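The structure under discussion appears below in the form of structure tokens.
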Amino acid sequence: MNLDFEKPVSEIEEAIADLKAKNPEPSADVKAELDKLEASRLASLKSVYASLTPWQMVQVARHPDRPLIRDFLAGLCSEFIELHGDRHFGDDQGMIGGFATLDGIRVMVIGHQKGRTLEDKIKCNFGQACPEGYRKALRLMKLAEKFHVPVIAFIDTPGAFPGKDAEERGQAEAIARNLLEMAVLKTPVIAIVTGEGGSGGAIGIGVGDVILMLSNAVYSVISPEGCASILWRDGTKAPEAANALKITAKSLLDLKIADEIVPEPVGGAHRDYPGTMAATRKVLVKHLKRLQGLSSKKLLKRRFDKYAAMGRFR
Amino acid sequence: MNLDFEKPVSEIEEAIADLKAKNPEPSADVKAELDKLEASRLASLKSVYASLTPWQMVQVARHPDRPLIRDFLAGLCSEFIELHGDRHFGDDQGMIGGFATLDGIRVMVIGHQKGRTLEDKIKCNFGQACPEGYRKALRLMKLAEKFHVPVIAFIDTPGAFPGKDAEERGQAEAIARNLLEMAVLKTPVIAIVTGEGGSGGAIGIGVGDVILMLSNAVYSVISPEGCASILWRDGTKAPEAANALKITAKSLLDLKIADEIVPEPVGGAHRDYPGTMAATRKVLVKHLKRLQGLSSKKLLKRRFDKYAAMGRFR
Amino acid sequence: MGWFTKRHETAPKPESKEDIWIQCPACKAHIYKEEWEKSFKVCSQCSYHERMTWRERVDLLIDPKTFTELSAKVSFNDPLKFSDAKGSYAEKAAETRTKTGLNESIVTGYGKMGGIKVVVGVMDFRFLGGSLASGTGEKILQAALYALKQRWPFIIVSASGGARMHEGMVSLMQMPKTCAALAQLREAGLPYVSVMTDPTTGGVSASYAMVGDIHIAEPKALIGFAGRRVIEETIKQKLPDDFQTAEYLLEHGFVDMIVPRKDLKNTLTQLLKYYGRR
Amino acid sequence: MGWFTKRHETAPKPESKEDIWIQCPACKAHIYKEEWEKSFKVCSQCSYHERMTWRERVDLLIDPKTFTELSAKVSFNDPLKFSDAKGSYAEKAAETRTKTGLNESIVTGYGKMGGIKVVVGVMDFRFLGGSLASGTGEKILQAALYALKQRWPFIIVSASGGARMHEGMVSLMQMPKTCAALAQLREAGLPYVSVMTDPTTGGVSASYAMVGDIHIAEPKALIGFAGRRVIEETIKQKLPDDFQTAEYLLEHGFVDMIVPRKDLKNTLTQLLKYYGRR
């Protein structure tokens, strides 16, 4: 599925398909033409993705084919032992987790699950976790602390689930509790925003020693649509809001909120899973090795200093 | 309300009432007769209560007028600041708690609430706590630990609530969690069985450095009725089961499970609240003062040794 | 997580020319202004708790002449150079500063409460809906660290619609920032009490307001994470009237007690007296 | 909290004279005895997991010839001198001991599991329904303390209807006793894994079985606190068929994973490999 702003690419792809259909057994000339078209397709893709607007990045971050947590687990980890439940109320499918092995390093993975099929998406609340999801994540983080393995938190959510039951079971408390506990969790935490970093629902598992973002991922205090409808009183002004909110990986690197950007392959993560995995693995492993070398005292001091400095401009 | 086995007392009371009714303006003779009857009523009460069977004690422990936790709070404490909620799901009325001051000593009180009126009883599930009750109790105990005040747990429950929802929200987990956390809670804990100590529902807040029992309280692994219907295959054999199960304060003192018995006034706690409060206060204060003198290291070692020795007979 | 939370008109409007009457925003009763102020802006007819300014709240809670402000110079920032349809955030915030005399949505300081030394943070809804932004977070952090240093209890009185979107992710990051500061207090065994007043929602409810050792709410205060409208759209049904009220949260286990304003200082003082080994 | 939990006939009865067939208690299919045993008493037709003896469980989990029993001499006690309609507890327990060769409802020991040194406790339902009594508690305590001393992980495989009422309050007190032992492991940072098999109910579910770092259940195992009949009487309605099954508990957040018996050793070994700095 191509996005609206990928129209130049779509046109070339149509021309390629057209030429192929008309020439089931392509001559040398046609083949040369196809090669030319393919080169121009790539050039066009590169050019489109070189200058994505924040709002276009939102579209890429939400692309239906974008790799989800289970794709990362399959692509990055040689083993994943999923663990379930918050030991209080339920097992939220919108937040999953378990032990995993990445490049021989044993870790605890937690993260939002959006689901691929419609059935899955419904089960996962479209990646909007409930209080029991945040509590499951916390339980697993505490288990990681006890087992002396680092935590990797994969962030990809439109936000915490805004349901009646979720409020009643303490959505606010669950997120707040995680923020407090993660601040003093005695094991390294890497947060990586792979798609949408949706506000409180994202930060609820996002207190990392390192905050990574895929190059087309976005991270925002409010959805551009939500912001536009409040501040512009017009939901269609989402592109303006996306711009003003500074939600891209590049902007957040400048604001010293993101620590490093994981470069996506040309055309976005959804066009090249293996390329995305290779880039992600490289950055994760680098930070895992660096953080594992720190004493827990030093780790916690650095983490505190990092968050204490957030928004300190003088 | 007199109990079945109090018939000798009831008969004398009827005689007194009769005599009073017949003599609205009693003569000296009648007055002397009334005094004699009153003396004999007291003697009878004393004699009945001196030889209560275990099953009769169960009736006393369950007496509708027996002092409940709020009566103890009112009778023992100069201040009670009730705190609410488990911070996860709800505020169980079957388990209450808060800061209280007893003889100038600041403590945290937790305990089962049976309720006095029918409406209250229903709200409290008749003193059968739900998982959120045990979790509220744990939260308050942790708060007591942080605030460096001792915990007094008032035990009076037929058992943990055996409902579908309670099972789904982890009745077993909530009780188990409390047992583990109480074992290492760094503040003194006094458990006092004031009425019915009903199995897992009682022990779920009952891991004390000291276990006290009112003299007519009972504490049992299973209700006599339940035991009778399983082992005798006949619920009416509850008196036999009550006997066999060794559930009285005296038996449990012999088994080194109860540490001390709080003597109830003649005729049971329900006949004399002030007397009950005075006796309870005396014993509580003695143990509070003793336990507060211990370092937390020593306290925890003693607590561990106490429970490790439970049921060790060789 | 916007900071827009309407309930009633925020400022009671005097109805008579003599300015001696206040109309209760909730029940519309006319109350003598003097009575209204003596009852700490609580309606004597319907016990509606009107929002308080930070100064009124400090006067309510802190012993006279014992309050010293902390971080007085910390003000709002404009890290995004944010502008929306109505103009620039910097201008709007500066205007608010001029109008209210506030540098940010919270005032922090220390003083005595019933004779007990405490550090307090008091949010003020007048400053952009009490929204949580970098200045707010920094002031809370500094106050918490001051409490840590002095080993005094810490109290925050929240009144906020949530994160201030004009500071974007910098605002969101104040949630972990403030909680990291509170975590230091916890590790040191120091008490932290959260007082939730109307409204305590969004990113404030999902950070420092909900991790207190003790949670106190004012009667009928709106407390919740997501907005009512968003939830109704999600679940496609109307929510009960008392949804997300203090009373509702008490029932659901997230609030220890609901305390009428007149008793607040006394209750807080009584509670802190239980904290031993100071 | 009785230990009477019926599901199907406990011991599969060989049907043919040649004793080469086993009838599955669940689906009634006839299975070759050899196949039945090779699949660790799991039905190849319906994957019913028959209860295992402690020895079968140890053979399933512990590397051959590495198991050493602990507390072998700890046996049952009769602190109450208990008798019921059917006679004395002491006689009944002694009979059971003779019949099963077991001293109590659990066997504890240490050995290697996939090369990892572990301490294990394995309950055996044949001993008075795997009920928790003073001997059981003492063995668990001693095993936990051994794990603490060696700094090895601890695993308990539960199979129990709950507290043994014949030992009265002494039995109930094994709940805090075992949890106090596990608390020592936790304070020392040592892992404890709880494996719940059919049945894990009553006082066992409400103590050591439910406080694991990781909870593993066998498929369809009955796990719960109160008995189904008692709950149905309380709520005056029928419970769903899958109520209190392992699958139900997984859904409600109390079980980390349901692991078929053939994978149990491998899964446990994999999990314990994640425990660092041993």
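Order of writing sets the labels: A, B, C and D. Residues in every chain begin at 1.
The rule we apply is simple: a residue touches a chain if its C-beta (ideal position, glycine included) is under 8 Å from a C-beta of that chain, and two chains touch if they have at least 3 such contacts.
Bear in mind the structure is a predicted one, so any value in this text is a computation, not a measurement.
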By that same contact rule, can you tell me which chains touch chain B and chain D alike? A
B-C or A-C: which has the larger count of contacting C-beta pairs? A-C
Round to the nearest whole Å and give the separation of the Cα centres of chain C and chain D. 52
Centre to centre, by mean C-alpha position, how many angstrom separate chain A and chain D? 42
Any idea how many Å lie between the Cα centroids of chain A and chain C? 33
Touching at least 2 other chains, the residues of chain A are 87-89, 169-170, 173
Which parts of chain D, given as residue numbers and ranges, touch two or more other chains? 252-254
Those chain pairs that satisfy the touch definition: A-B, A-C, A-D, B-C, B-D
If you look only at chain D, which of its residues touch chain A in the complex? 189, 191, 213-215, 250-257, 267, 270-271, 273-277
For chain D, which residues are in contact with chain B within the complex? 1-2, 4, 77, 79-80, 82-86, 133-135, 137-138, 141, 163, 165, 167-177, 179-184, 186-187, 202-203, 205-211, 223-227, 230-231, 234-235, 239, 243-244, 252-254
Contacting residues of chain B [partner chain A, same complex]: 87-89, 131, 135, 169-170, 173
Which bits of chain B are touching chain D when the two form their complex? 160-164, 166-173, 175-177, 179-184, 199-200, 203-204, 206-207, 219-222, 226-227, 230-234, 237, 240-241, 244-247, 252, 255, 257, 303-304, 307-308, 310-313
Interfacial residue positions of chain B with respect to chain C in the complex: 79, 81-91, 99, 106, 132, 136, 143, 146-149
